[in-house]
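Per-chain numbering from 1; labels A, B and C assigned in written order.
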Amino acid sequence: MGVGIKVQKLNAWYGKSQALHDITMEAPANHATALIGPSGCGKSTFVRCLNRMHETVPEARADGKVMVGDLSVYNGTTAVQIRRRIGMVFQKPNPFPTMSIYDNVAAGLKLNGFRDQRRLDEIVERSLTHAALWDEVKDTARKKSGASLSGGQQQRLCIARALAVEPEVLLMDEPCSALDPISTGKIEELIFQLKEKYTIVIVTHNMQQASRVAEFTGFFLLGRLIEFDKTEKIFTTPSDKRTEDYITGRFG
Amino acid sequence: MGSQANNLALAPKISLWRRGSDHFATLCAVAAVILVLLPLAAVFGYLVYKGIGSINLSFLTKTPKPPGEVGGGMANAIAGSCLILALGSLVGVPVGIGAGIYLAEYGRNRLGNLIRFTADVLNGVPSIIVGIVAYGLVVLTQGHFSALAGGVALAIMMVPTITRTSEEMLLLVPNAVREAAYGLGVPRWRTILSVTLRTATSGVITGVMLAFARVAGETAPLLFTAFGNQYWNWKINQPTAALPLQIFSYAISPYDDWHRQAWAGALILIILIVVSISAVRFVAGRGMLKGAN
Amino acid sequence: MRTRFQQGLDELRARLLRMGGLAEQAVDRACQAYIDRDLARCHAVLEGESQINVIEREIDELAFDLLALQQPIAVDLRFILAVTKINSDLERVGDQAVNIVERVIDMVELPKVDLPVDIPRMAAAVSAMVRRSLESFIEGKAELAQAVLEMDNVVDRMRDEAFISLVKVMNDNPAVTRQALDALLVARNLERVADHTTNIAEDVIFWVRGADVRHNANPEFPAPQEISETK
């Protein structure tokens, strides 16, 4: 089952430049929360702070309280441990190019010391099924390379890979922006099903996608969270004029 | 209507000139290729011509006969080369790849620049000087010539090439691949070894083979280190025969039989290098999957 | 892309305003025709009706296209939805003007009778409501729309009074039943026009504030029990 994410006064910097200012919000468990905003508004930075991926950039740091369930992200656990509880899917599908489909899905487990071969088989099949990819690759999973799939399939492979380590939260950073409408549709369907087991935070610059997929939406602008509310409220009667101007295309 | 007719009149003229210069350029390119391949073909062809006759079972299995006598072979030199190259690789490859990993993953700093600079300088050091250094470091310390000293000399020559190509190949691995591993909660060191390095394997191996091919034929560094040996030797602490050394001493000798054997030895050396490179490529290729590059 | 969208919205607004103007003019003409017993004005209203119907179709088509092609959300979506509803109400207003005019045509043939009902006063009130509701749309001001909602009470009371007094007249003086009935029907038509203007006002509030105040959902508006008590 998923857990909720609570963020309190999160600030983030790249060197001297501050990218996030006092972000406070809550992403409820087993729901999808979308983050929208113009380019450079900090939504990707924010999401990467949730699983401490922000720290992989040299001279980047973050400060604040982030709770995933009852686990504190910045206080008391290592980044590596956090990332095993929070999975991430990136904008451009990035399967490991030298590994087979099977090995890709198993990578998160194998690279962390998992040895039980039989259970591994089960987990790989289950993850690929959850990612709606099993039927398409079940015969070639061990032989075909991850990079030989189409764009949409690669992204589903990355989702399966993230699901294999059984995280509680799944972060998706513009997962469909490199995909065609049909693949996008399949992944949106997938998100719908995944919500039952996981909590999903999805960054998107496509507002129609946010409105189709997420129950809650947050609008970011210049590193601040301007408005956070139920999706239908944001898209019918937003409280802040800046939100309304952005979603109606008056700027951005 | 009039201007159209003018254009039509000009068109074939321009086209002719263009086509002509295009063909000429293609001709030059082909000529350049032939010019480059010619020496290679010439060398190989000449070696085959001069040496093939002397390659027989006796040559490949017997040790040298005393000077003046006809017969004998370079078996010990072939074995010795393999031993020395193995020792050199044992030291040079891990050090080189390790340095390459450091430079690519951690080396965007002063220390990294220093290492790169050192590697480039080392690359340019004449092989004879490397030999003398190895002589001073190993031979004088141990008190005798040895295969080990030869290995050290060759390792010193291999490291810069392996370091630089490993670094470049690792830098070619897209950051997205590393991020994918981090996102799964894989620690950094594990990511580097099991993901980044694994992705760059093909390129790193190429770098290793380049270095290997380069040092396989080096003679000068072995002059004062391995020194050469008439007899079989598998002990790393004893002077050892090596193909380049043997070829050298036979070639400058006054004996015709030894000259003949030198040609054969040279041909064998080339063949061994080509075979070993192909073998490594084949083995590395088996590990590749359909569709990966 | 947004320029085309903005142009579409502007076009929609312009057409609705034109429709509003025509509807307002029809009501005014019909009332004046009743007061002056003027057949010429009646015919003007009847002719104007087809124009209103044409514009109603145009507005609906344009709104439909904008919805399909531009994926409007938030205020833009509310605006377009409000326009389609106001469109329909204005068309009904036009229909009511025609109904009034039909009563006038019937009435003109009968002898003039003095009836205890102040149709001109009611007409003036309703006319004001029509104007104010259109103003609230032009200005995009919810307060103006709110004022229209409050005026509806007054018009309802006038209709109830007209009903009582005209029924009494018909009982006391059966000879003038037809005239009384015509007057009663005109009063009812006017009250229906007033109802349509309150719908328009509610739609304006929906567009501007995003609040659905229909059927007295607005807490500012008196609760249902209170209204029945005053009646």
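What to note about this one:
Keep in mind that, in the parts below, a contact is a pair of C-beta atoms (placed from the backbone, for glycine too) under 8 Å apart; a residue touches a chain by one contact, two chains touch by 3 or more.
Just so it is clear, the structure is predicted and the values come from calculations on it, not from any experiment.
The interface carrying the most C-beta pairs in contact is the one between chains A-B. Ranked by how close its C-alpha mean sits to the mean of all protein C-alpha atoms, the top chain is A.
Put simply, the chain farthest from chain B by mean CA position is C. Mean C-alpha positions place chain B and chain C at a centre distance of 93 Å. Centre-to-centre, using mean CA coordinates, chain A is 46 Å away from chain B. Between the Cα centres of chain A and chain C there is a gap of 53 Å.
Of all residues in chain B, only 108, 174, 176-187, 190-191, 194-195, 198-199, 201, 288-293 touch chain A in the complex they form.
Partner chain C is touched in their complex by these residues of chain A: 207-208, 211, 234-238, 244, 247-250.
Residues of chain A that touch chain B in their complex: 51, 53, 56, 58, 80-84, 87-88, 90, 92, 94-100, 107-108, 111-112, 143-145, 147-148, 158, 161-162, 165.
Interface of chain C with chain A (complex): residues 1-2, 5, 71-78, 209-210.
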